[in-house]
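Should a chain be cited, it is by its letter among A, B and C, assigned in written order, with residues numbered from 1 in that chain.
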């Protein structure tokens, strides 16, 4: 389904990269390991990128939470951010749809491009950004309303037509339809945790975003619900680009196409701590043959 | 699950490309801004109210002070503003206010604090769940009803037993104090209970672990830990006592006597305003201005008490919440 | 213990064990007996205090009911006041006056109070000094004595800038300003209790801030807001002092209107007036009025607090 909102064409630089290295696109071949993140101009995957991050630093009240992250996030793939707690992976994720704007003291430096447009440009409207880049949170957060109204809320406030159809399609898309079709008017709080989280995913799908950000979506769920959501994610990437933050390394290994590993750094006096990107690569490589020994220590369970 | 269901969403297949939508707002959203402005105006109304209170108190007070020297007003010991020659020494009605408030606090502080300790440290959750709302409901009894209770029940009841408490029946500063005490007990009990309950359970467990008894935990651990909230409750209650009008109007009488004697009849600042401002007083007269001067003094006293209480409440919220 | 177990029969060990046992025994028996007595007395005192508080407050209600019983009859609601004939006197114009006053208060206080609360909780950046000023200001206003609001009403609403005269609407406005801080504080609590995850969920779908507030936050905060409004209104019903200053004259024998300039009355003011008269019949009448007022207020407060406790643990 194409979005009817007219917009800017894809940025020049992006097209050039595509032309130069277009044939190298693919996951299992032509892997170039970046030395430290993916620097500008080094684009090993050459697929179409959704996000391009350049030296992104996020601070809260002047204290950096994550520093100098540069990475490109491809379209229609699942990109995982892993790392120990406090490494700023959730902070980074929340920058991608400007949820950090809700915290008055948060500040983003560097550049985050979304299809070549600066996400933090002066004319950019955060509401418009969030319409295109949805988010699923750590703890399922259904609205205190009926199942139907939970999904219908988005289409209604955005003025999208065919609310009934959208609700039904979203619930089917999230593999929830068969479980709830007879109780659409029941309160969403009566659902199980796993169902609530799939409801939240369905709710996001119903407004037809391009990207879905997921902030540890399974951390509050049991293994069976987690499995269902992972299956769902694999199907969703056909039509959405997904960025997922996870604590669970097996989960990153199972679902993601690419994985970024972040660590916590302390300054000499151990007073300030911030996150840094260590390595960003095809998932298989991160887990089998990482370039950085710190990544290896983390994924093999030596630290973390 | 059929993949077709998903195809209804998203951006098309991996190779597909659509024009990148604009990130700019489709409309300037004037409505959002207008609503924000309207809501800010609502909030600003409270500042306007305060300003209006200060201005409406201050202007006539300045007129008043142009005629009565401030020293005579604050330190004079005779209050007869409607007599000729008039006396404008505010001390008798200031002391009247302090006296009724003091007797009220004397009644309410022990009862209120003990009730709070009981509710927070001794009562079972079930008892608490019943008693706390009952107290809150009783806190809503209008003060005119409490005043009537004092006038036609407490005063005749106490007079034969303790004649020194009611020297000019049925009026008495002490009886007014008891009635004020009844009014503020729920405030003290409720806020102190809240602040004692916000003391972390860990502190209690640590004390029990050292072999302390329940009484020691309540009085030596929880009570000191909750002290800023408890002080806040007492100060707020004091402020309410100072500002109470109907009870003193009904029970304390209307004689501006400079005394703390619980048995005598006194006039308080609020009672003076309440009796004097009801008549058809014309603006610009000294009597009219006097009401505002007394009001300004009352406002200043309660302002200091309220600001202090607000500070204490914030302190305990910062520590434990 | 390992080092001691090697020499179980040694006299020194036995000595040490006996000593420890004695100390423990003392701690477990003697001391607690004294503590038990103290603790019991303490507990008894606490219980006594709470009983005194509850009985004292309950006595207000019971005494009013007992004393006012003879006067409770339909004429209480249908007849107007009288200075000479207490047996025929009633509260009708005052009751109607109070109903009008309260209607005015509701109309003013609900939008203004909720609006201010929404601004302070959802829009106002607490880092900014003006927002902190507004916040402190509201907290302080909640503690300003009601008679001061009466002075404000007299100087600012009845006379002065607004110059409405001694009309019912002026009384309504005065009472509204009086209870506004209470409503703002209660509404803020209710709005703050809505978890941030609800707002995030809504904003992440591309809803604007106002859409989020209007369609998610406010509906979820309704029970708390309603509780606050009811408590504020019940306070306004019983408030007497400010009305004395803004013209709630007592002997109005006709039914008042909002803007009519020939006076209005209110239930608590008439009760106060009856109570200040020396004749017993009028005091009975005042007690009967108190009963009517208390029944309404206690019912309202009970409902409000039930509502709050019912929805307290929604999240």
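Throughout what follows, a residue touches a chain if its C-beta (ideal position, glycine included) is under 8 Å from a C-beta of that chain, and two chains touch if they have at least 3 such contacts.
Being a predicted model, the structure only gives us computed values, none of them experimental.
Q: Going by the touch rule set out above, what shape does the chain contact graph take here: line, ring, star, complete or other?
A: complete
Q: Among the chain pairs here, which one is joined by the most contacts?
A: B-C
Q: Go ahead and note the Å separation of the Cα centroids belonging to subunit A and subunit C.
A: 48
Q: Report the inter-chain centroid distance for subunit A and subunit B in whole angstrom, where each centroid is the mean of the CA atoms.
A: Distance between chain centres: 51 Å.
Q: CA centre of subunit B versus CA centre of subunit C: separation in Å?
A: About 11 Å, centre to centre.
Q: If a residue has to touch 2 or more other chains to count, which residues of subunit C qualify?
A: If we look for residues of subunit C contacting two or more partner chains, we find 208.
Q: Enumerate the residues of subunit B that touch no fewer than two other chains.
A: Residues 29 of subunit B touch two or more partner chains.
Q: What residues in subunit A touch two or more of the other chains?
A: Those would be 127-128, 132.
Q: Could you pull out which subunit B residues touch subunit A in their complex?
A: Per the touch definition, subunit B meets subunit A at residues 1-3, 5-14, 17-26, 29.
Q: For a test of understanding, state which residues of subunit B touch subunit C in their complex under the given definition.
A: Contact set of subunit B toward subunit C: 29, 31-32, 35-36, 38-47, 49-50, 52-53, 56-57, 60, 110-115, 117-119, 122, 129, 131, 133-138, 140-149, 151-153, 182, 185-186, 189, 211, 213-215, 219, 236, 239-240, 242-246, 249-250, 270, 273-274, 277-278, 283, 291-292, 295, 298-299, 302-303, 305-307, 309-310.
Q: What residues of subunit C sit close enough to touch subunit B in their complex?
A: Within the complex, subunit C contacts subunit B at residues 27, 32, 35, 38-39, 42-43, 45-50, 52-54, 56-61, 63-64, 67, 111-113, 115-116, 118-120, 123-124, 133-134, 136-141, 143-152, 154-156, 159-160, 177, 180-181, 184, 208-210, 231, 234-235, 237-241, 244-245, 268, 271-272, 275-276, 283, 286-287, 290, 293-294, 297-298, 300-302, 305-306, 309.
Q: Looking at the complex, which residues from subunit A come into contact with subunit B?
A: Of all residues in subunit A, those touching subunit B are 1-3, 5-10, 48, 75-76, 114-117, 119, 121, 123-125, 127-129, 132, 169-170, 172-173, 175, 205, 208, 210, 235-236, 238-240.
Q: Quick one: which bits of subunit A touch subunit C in the complex? Just the residue numbers, please.
A: 97, 99, 102, 104-105, 127-128, 130-132, 134-135, 137, 139, 141-144, 153-154, 157-158, 200, 203-204, 207, 209
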